[in-house]
Amino acid sequence: MTELHCSVLVVGGGPGGYSAAIRAGQLGLDAVLVEAATLGGTCLNVGCIPSKALLHVADAYAAANAREATPFGLTVTSAQLDFTQTTSWIASVVDRLDAGVAHLLAGAHVRHIHGWARCVDGKTVVVETHADGAGKPLTITTEHLVLATGSRPVELPALPFGGRVIPSDAMFALDDVPERLVVVGGGYIGIELGTAFAKLGAAVTVVEATARILPGFDDELVRPLSRALTRSGVEVLTATAVQGLSADGTIVVAQRTDGSTVELRADTVLVTVGRLPATEEWGLEELDLERSGPFVWIDGQCRTSMAGVYAIGDLSGEPMLAHRAIAQGRLVAEVIAGRRRGWDNVCVPAVVFTDPEIVSVGLDPTTARASGTEIVVGRFPFSASGRALATDATDGFVRVVARADDHVLLGIQGVGTAISELSAAFALALEMGARLEDVAGTIHAHPTRSEAFPEAVAAALGTGLHLTTP
Amino acid sequence: MLVIPEPAWRPGDHADFSRDDFPSPGETRRPALADPPEAMRDLATGLVRVLDDEGQAVGPWDPALEPSTLVAGLRHMLLVRELDRRMLTAQRQGKASFYMQSLGEEAVACGFRAAQRPGDMNFPTYRQQGLLVAAGYPIELMMAQVYSNELDPLHGRQMPVMYSAREFGFFSVSGNLATQYVQAVGWAMAAAIKGDDAVAAAWIGDGATAESDFHAAMVFASTYTPPVVLNIVNNQWAISTYQAVARGRASTFAMRAHGFGLPSLRVDGNDYLAVRAAAHWAVERARLGFGPSVVEWVTYRAGAHSSSDDPSGYRPKDEAAAWPLGDPIERLRVHLSGTGVWSDADHAAMVDEVEEQVRVAQVDAEAHGTLHGGPTPSPKDIFEGVYQEMPSHLRRQRQQAGY
Amino acid sequence: MAPHSFRMPDVGEGVAEAELVEWFVVVGQLVELDEPIAEVLTDKASIELPSPVSGRVLRLMYAAGDKVLVGAELLQFEVEDTTSPAVAVTPEQLPVAPTPAPAPPPAAPAPAHEPGRGPLASPSVRRRALEAGIDLQRVRGSGPAGRIEHSDLDAYLRQPPRTPAAGLRPPDTRVDEVPVLGIRRVIAERMSLAKSHIPHITYVEEVDVTELERLRAVLNDSHAASHSRLTLLPFIVRAIVGAISEHPEVNARFEDDAGVVRRYGGVHVGIATQTPRGLLVPVLRHAETADLWTLATEIKRLATAALDGDIGRDDLSDSTITVTSLGALGGLVTTPVINYPEVAVVGVNKMQVRPVWDGNAFVPRTMMNLSSAFDHRIIDGWVAARFVQRVKVFLELPATMFIEPPA
Amino acid sequence: MIEAIRDAHAVAMTRDDTVVVFGEDVGYFGGVFRCTKGLQAQFGKTRCFDAPINESGIVGAAIGMGANGLRPCVEIQFADYMYPAFDQIVSEAARLRHRSAGDFTAPLTIRMPFGGGIFGGQTHSQSPEALFTHVAGLTTVVPSNPYDAKGLLLASIEDDDPVIFLEAKRLYNGPFDGHHDRPVTPWSQHELSEVPEGHYTVPIGSAMVRRPGTAVTVLAYGTMVHVALAAAAASGVDAEVVDLRTLVPLDLDTVVASVEKTGRCVVVHEATLTSGFGAELCALVQEHAFYSLEAPIERVTGYDTPYPHAQEWVYFPGPDRIASAFARVLGA
C-alpha cells in the first residue's frame, strides 16, 4: 500500500518517540511511529543503556583485578576479561529492551513503520520503507505530527570521524579494549566512558579545551571525581585544545593555552564534544518551523509554531536527557487527546555515572543566590557515613540548598558511590515542595548512604548529630 | 428601435450556410511579404484557401509541402482531438473539474506552430492547446495539469487547460479574455528593442475582440509596428453569443486591421495547407521587419464551449455538420490520399497508434493522481510563489494553516 | 474483487442535482472502461457518463427519471483487476479535509517552575488545578510556607470565584429564563413608568449627623430595655415631616394623565424595603401625627410585615413621598427613582466619618449624603433645594425637630 | 436561488418597463448560470439581450442608459472579470450623482456571481467585495438565500443609486455549508427557499440574525453564513450568526447589539485576509463595542494568496476553521 492515514504520526522511535506513541495508543488515538534504525533511539542502542552496562562490567573487572590489596584483606591474583563476550552481553541487553519497546508499541495498537521519514508538509510525510522492501515510498498523512528525531554527536572539524576517531555511538562495537584511549571533550559522556575503559585496563587521557571537566557542575562537586580519576590513572589535560591527528593518524596533537603542544599516542580517539539536535535530512526546512538556537522552538505543551505539529526530546532543547524526552512524550499524547496538560515540572534530575557518581537536582548555591533569595546550605560528607565506611567508599558528600525564610528546598546535589539512586529522593523532595523540616522529619533507614540526605539537611538547620560542627 | 442582432437559425431550425458565399479555393491572391497595408485591403474580405472540394491543392497559396510534413501535421491534429476526447471523458468521470476542447479547429493551432521557431512566443487563449501538441510538449504533462496531480508543473494552482510552457513558446493562459493580446504586442516591442529576430503571436477568439484590450493591442501594434502576428480565431461562437454581436457592422474581423492601418488576411482555418501558408507569410513578414499583420482564421467550434456547456441550448444540433468548410482532419486526409501516398489503412493505423499513445499517457498520468484521488501537490504550495520571498504575514498564515 | 462505487460527478460548476435520463447498461453486464453507461440531464446540459472502470455492473442505485444529487452513489461495479487506471470519485479518497482538532484548550500558562518560584504544590495538586483551569496563584495555601494542599483546592472550588480568573474559568454558557411575573412585573412597570413619565432632577446634599448620632446613642442606651433600638430612619421621617410643613408641594401625587396635582395634608411616607421577593414600599400613614417612638415601632412593624410577605394591599399604596435607603450599602451618591405618581423621593446614602474644616482645622465628623429626586414638572429646582436644606438643618440640629415653632 | 433571481427580474421588468437586462450570454441562452432564462422570450429582445464581451462597455453603456431614463440591471459573467469595468463603476457610476449635484444619476444594478467552492481556480472564485465597499457612492449587497436574493435584487433595481449585487455561485443550487464530502443538498430542502410570488423587497442596509446565541457573535455573508451555522452545530458553541446581507451601508446597530450581548466576535469571509471587508468590521466592532469585548476579534478568511485550484478545500474557510476560531475566542 502506498498511502496511509492516521491521527498521530510520530517521527523517531527513541525514548520520547515511543513514549508518545504508546501513550497515544493508550488514549485510543490511531498512532503510527516511523523509525529508520532500531527502536529505542540513541539512549537505548548506543547511549545510556549500553554505557551503563559497560560501566557495570568495568566496575566488576576493576574490583576483581584490583592491584593493591583491599583494606579488608581480599587480594585477587588475576581476572580475565573476554571483551567480545562483554560486547555481546551488552548487545543482548539492548536487544531485549528493543524487543520490549516493540512489544509495548504493539500492545498499544501503534503501527510501527521501519523507514526513513521525510516531511512534505505539516500533515504529510513520505517514508522510503526498507522493511517490506517494496521500494515504493509510503505517503503518510496525519492530523497531528510529533517530531522526535533526537540528537547526534558533534564532529570536530580537526578530528573528523573515521578510522580510529570515533563517536560515543561506536564505543560499544569495539572488538577489544584499546590500549591507549584519548578522550576529546570532558563532558559527562567522555568522562563516563573514559572511566569505564580505564577500569578495563586502557590508558586513558582526557583532553578538555576549557578550564574544567563537567562544566555543568560546580567545582565542589567535581573535585572528588577529579581526585578519583587521578587515582585510577586517568590523565586529565584541561585548557588544552586538540589541533588534529599526526600524519600517520596515530598521535593526537593538542595545544595548551600557553602555546605549548602535547602529543598523545592513541589506538582509539573518542570525540565527545557535545551533541546537537538532529535537524537534517528529514525535511524540517519544508516546515519552516520557528527555531530556538539550533533547536525547534516549543511552547509549554510541546507545540511548535505550526498548528498540529509538535516536537519533543533532544530536538526540542536542553537538557538533552532521555527522561525529559519520555515525560514530554507522555505530555504531548495527552495534549493531542484534548487533555489540559502543560510542562509543569519543578526539576529534571541530572546524573553522571562516573566513579564516584554525581547527581544534581534543582539550583546549586551560586545559581540560587544569583536569583536574589536568601539561602542556607547544608553538607554531609560520606566520610562520616557508617554505610560508606562499611563499603569502603567514602568519597563525596550530599549538599542541600534551601530558602532561609521558609526552608523550602531549592536544590540538592551530591557526589559519591551509588548516589545516582538517591536522585529519586532528591527529585521527589523538590517536586513536592518539601522543606528542610520535611526531610529531617522523615526517618531514613540506618545504615544507608541515604542518611547523608537528612544529615545534610540537619547541618543546614544546625541540628546535626553525626557531625561536629566546625 | 434598438437593433439586437440574431443568428440566422436557433435550436430546432435547420442550419443552412449556403447563403455564405465563401470565395473558392485559389481565388484569393498572395501579396508579397513587403507589400504595404494599403495595397492589401481586398484580402480582408477574401479567403485564403488551398484545398478544393476534392482535396486538390490549388491556387497561389499552395505551400507545396512534402507529404511527410503533411502526415506529421495530420498526426498532430489527431493527437489533439484524441487528447481532448479522453480529457472530456475524464472530466465526466470526476477525475478533473473542467475541460475545454478545440474540436473542429485543430488545424489553426497545429498549422500555425510550424511557421514559428524556438524563441518565438505565443500568447494563447484556452483553446490553442494544438500549439503545445504540435511543439512536441509531452501530453502526460498536459494531463498532469488537467488532473492537478503531483506532476502538474503548475502545482495544481491553475484550472485545467490553463497551461504555461515558456520553453515551448507558450505564455501562461489566463481565464480573463483578451488580456494576453496587448501583452503579446509588448513582448514583440521588447524583441524589437533588444534587436533579436523573435516573433510574437497574439491569439483571441471572435467574441473577445470586443474587449478593450483588443483595441489597445491594435493601437500599440499600429503605432510601434513590432514583430507580432495578431491572430483572430473566428470559430463562430462565444459561448452562446454568435460572432456577429462582437463583429458589429464590419463584414469581417480581418477588416478591423484597416482602421489601424495594418495589413490583414482572412484564411480558411480548416484548410491545413492554407493555414501553413498564411502562417508562414505572416510570421516571415514580421520576422523580416515588415511589421505586424492581422490574420482572421475562419473556423467552427464543433464542440461545446467547455465541459460546463451544452450548445443544444442555443444552436441547432446539425449546425456543426452543415459547416461548409468541413473538418480539418478529414480534408487533409482526403488531400493526402489524393496524392496517392496515404492509404485508408495508413490512416486507420495512425488513428489506432495515436489512440494507444494517448491511452498509455493517460495511464501514466493517472498513476500520479487525479484531482480527487491519489497524490496531489502539498497544500503548503498555496503559500509559495506568491512573492519571490515569502513575506512574514504569509509565513504566519501558513503556520496557522498547519501545512 | 472489491465493489467499486461510482458517484455522480460534479459535471458543471455548482450544479446540485441531475435527472437520470437513461441507463445504457443493465445489472450483470460487463462494461469496458470509458464505455457510456448512462445519460443524465442537468438544467444546463444533457451529458453521457463514461464508465470509470472496466468491470461487471453490480447494482444500479437509481432508476431512469430519478433525481440524483451530485456526490451520491450512482452504481457499483465488480472490478476484475485492481490495477484499473481510473480512480472514481469516492469521497473517502477526497484529500484529507483539514480537520485540525479544535485547538486543544491551551493549558493554564503553567509558570516556568523554577524550584522555589511560583506557588508551592505537589504534582498531583498542580495537575488537578491545571485540569480545572485554576491559576494556583489565586489559591491560598494553608500548608507550611503557604504550600497548597488538596483541601485548599477543594475549598477554592466550593466558594464562588471572587474575581473572574482571567480567562481561566470555562465559559458559563447556561441561559435560564425567568418569566417576569407578579411583584417583579409590577416593579418593572412602575419603574419604567416613572422613568418614562417623570423628568427627574436629583439634588445631593451633605449632612453632618454627628449630633444626631450622639442623640440616637443616648436614647438607645437609656431606653434599651423598654424599646427596640432606634435606627436613623425615624429621625429622617421626622425631619421630612418638618420640612414638608414648610414646603407642602413635595408631599403630593401628580396624576399626569388627568393633569392634576393632589397635595395631601397627611404625610404618608413610603419606606422602600428590600424583600426576598423584590423591592416593596410599605406606607407609614400620617407620619405627621406620630412622635419619634411611634415612628420607630410603626416602621419596624411595616418592615417585618413586608419581609414576611403578609403585608396588606392598603399598607402598600397611596404614599405621598418615599424614603429609600440602602443602609451600609448606601454608597456615596445615588439617583433614586421617584415612586410614581409621587413628586419627590429622598435617598439616604451611607454614613461615613470624613475630615471637615471647622474654620481653623480639619476635624473628624460623621457625614451622610442625601440624594433626593423631584419631578421637575411640578417641583422647581429652587423649591427642591429649599426642602432639602430644611431637612439638613433638622438633622444637623436634632433639637429643632422636637421644639414646636412659636405660635 | 437561481429561480428567485430569475423571478426578481421578471417582477421588476413587469412593474417598470424602463428596467433593461443585458450582459454576456444573458439573452437567448438565459445566462451561463441560467439566471435570466426566459426573460428575452417574455419581454422581447430590446429588454433582455446579449452583450459583446466587453465589461467596461457593458457598464459604460448602462450608465448612459441610466442617464437617459432607463433602469439597467446588467450581469458581469464572473466577478473575476469585473476589473476592466472597475473604472466605469468607480469613476463614473459611483460619482455621477455627486459630481453633477443630482443633475444625472446612475440607477443601475450590476450583478456578479462571486466566491469559490466550485474548483474555479484563481479566475472563477474570487471575492472582490472589499474593492467595492471602499468606494463612496456604491452600495454592496450579498444575499445568502433565495428569499433575500429576490427581495434584495428588487430593492437594488428600485434603488436610484448604483448597487453591486454579489451572488455566491456555490449557493445557486443549494445551501453549501463547507462539508464538501457530503452530497449537495438542493434549496428545496431548506426553510429559506419559499419565495413568495409577486413583489416584495428586503430593505437594503439591514442585517438579519440567522441564529440567535449568547457565546460568540459570527459576522458573515454569502456562503459563509451557512458554513458558520454548520460550525455552530458541529462545535456545540451557542454562536449568534449575523447575516450582514448588505455590506455598505452596514447595519451597525445589529452588529454592535450582538457583540455587546456575547462579548466575543468572529468575522468570516472567503476573500483574502489583508484589507478584506473583515478588517472594516473589526475596526467598527472595536470602535463601538470595545468595552464589551472579552477577547480579540478573530478572522477566518481566505489566505493572502491567489485562489488555488486543486487545494480548494484547504483554502475555502470551512466549518473546522471557524470552530477553531470559536475555541480561540472563547479562550477555552
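As written, the chains take the letters A, B, C and D, and residue 1 is the first residue of each chain.
Rule of thumb we're sticking to: a contact is a pair of C-beta atoms (placed from the backbone, for glycine too) under 8 Å apart; a residue touches a chain by one contact, two chains touch by 3 or more.
These figures come from a predicted structure and were not determined experimentally.
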{"item": "Required steps from chain A to chain D (each step between touching chains, minimum)", "value": "2"}
{"item": "Central chain (by mean CA position)", "value": "D"}
{"item": "Winner on C-beta contact pairs when B-C is weighed against A-B", "value": "B-C"}
{"item": "Rounded Å distance between chain B and chain C, as computed from the means of their C-alpha atoms", "value": "70"}
{"item": "Whole-Å separation of chain centres (CA-atom averages), chain A against chain B", "value": "69"}
{"item": "Between chain B and chain D, centroid-to-centroid distance (C-alpha), Å", "value": "36"}
{"item": "Centroid spacing, where centroids are CA-atom means, of chain A and chain C in whole angstrom", "value": "58"}
{"item": "Contacts with two or more other chains, residues of chain C listed in rising order", "value": "10, 13, 44, 94-95, 98-100, 103, 105"}
{"item": "Set of chain B residues in contact with two or more other chains", "value": "97-98, 308-309, 313, 376, 379, 398, 401-403"}
{"item": "Overlap residues in chain A, where contacts from two or more other chains coincide", "value": "123, 307-308"}
{"item": "All chain pairs that touch each other", "value": "A-B, A-C, B-C, B-D, C-D"}
{"item": "Footprint of chain D on chain C - complex, ascending", "value": "10, 13-17, 43-44, 69-72, 91, 94-95, 97-100, 102-103, 105, 167, 170-171, 173, 175"}
{"item": "Footprint of chain C on chain D - complex, ascending", "value": "2, 33-34, 117-120, 124, 169-170, 172-174, 180-186, 214-215, 235, 237-238, 294-295, 310-311, 313-314, 318, 320-321, 323-324, 326-328, 330-332"}
{"item": "Sites on chain A touched by chain C in the complex", "value": "5, 123, 141, 143-144, 300-301, 307-308, 335-336, 338-347, 362-363, 368, 371, 373, 403, 406-411, 430-433, 435, 437"}
{"item": "Chain B partner contacts - residues on chain C that touch it in the complex", "value": "6-7, 9-13, 34, 44-50, 52, 85-90, 93-95, 98, 100"}
{"item": "Chain B to chain D touching residues, read off their complex", "value": "1-2, 4, 6, 10, 97-98, 148, 152, 155-160, 162, 174-178, 207-208, 210-213, 238-241, 245-246, 248, 308-309, 313-314, 371, 376-377, 379, 381-383, 386, 393-394, 397-398, 401, 403"}
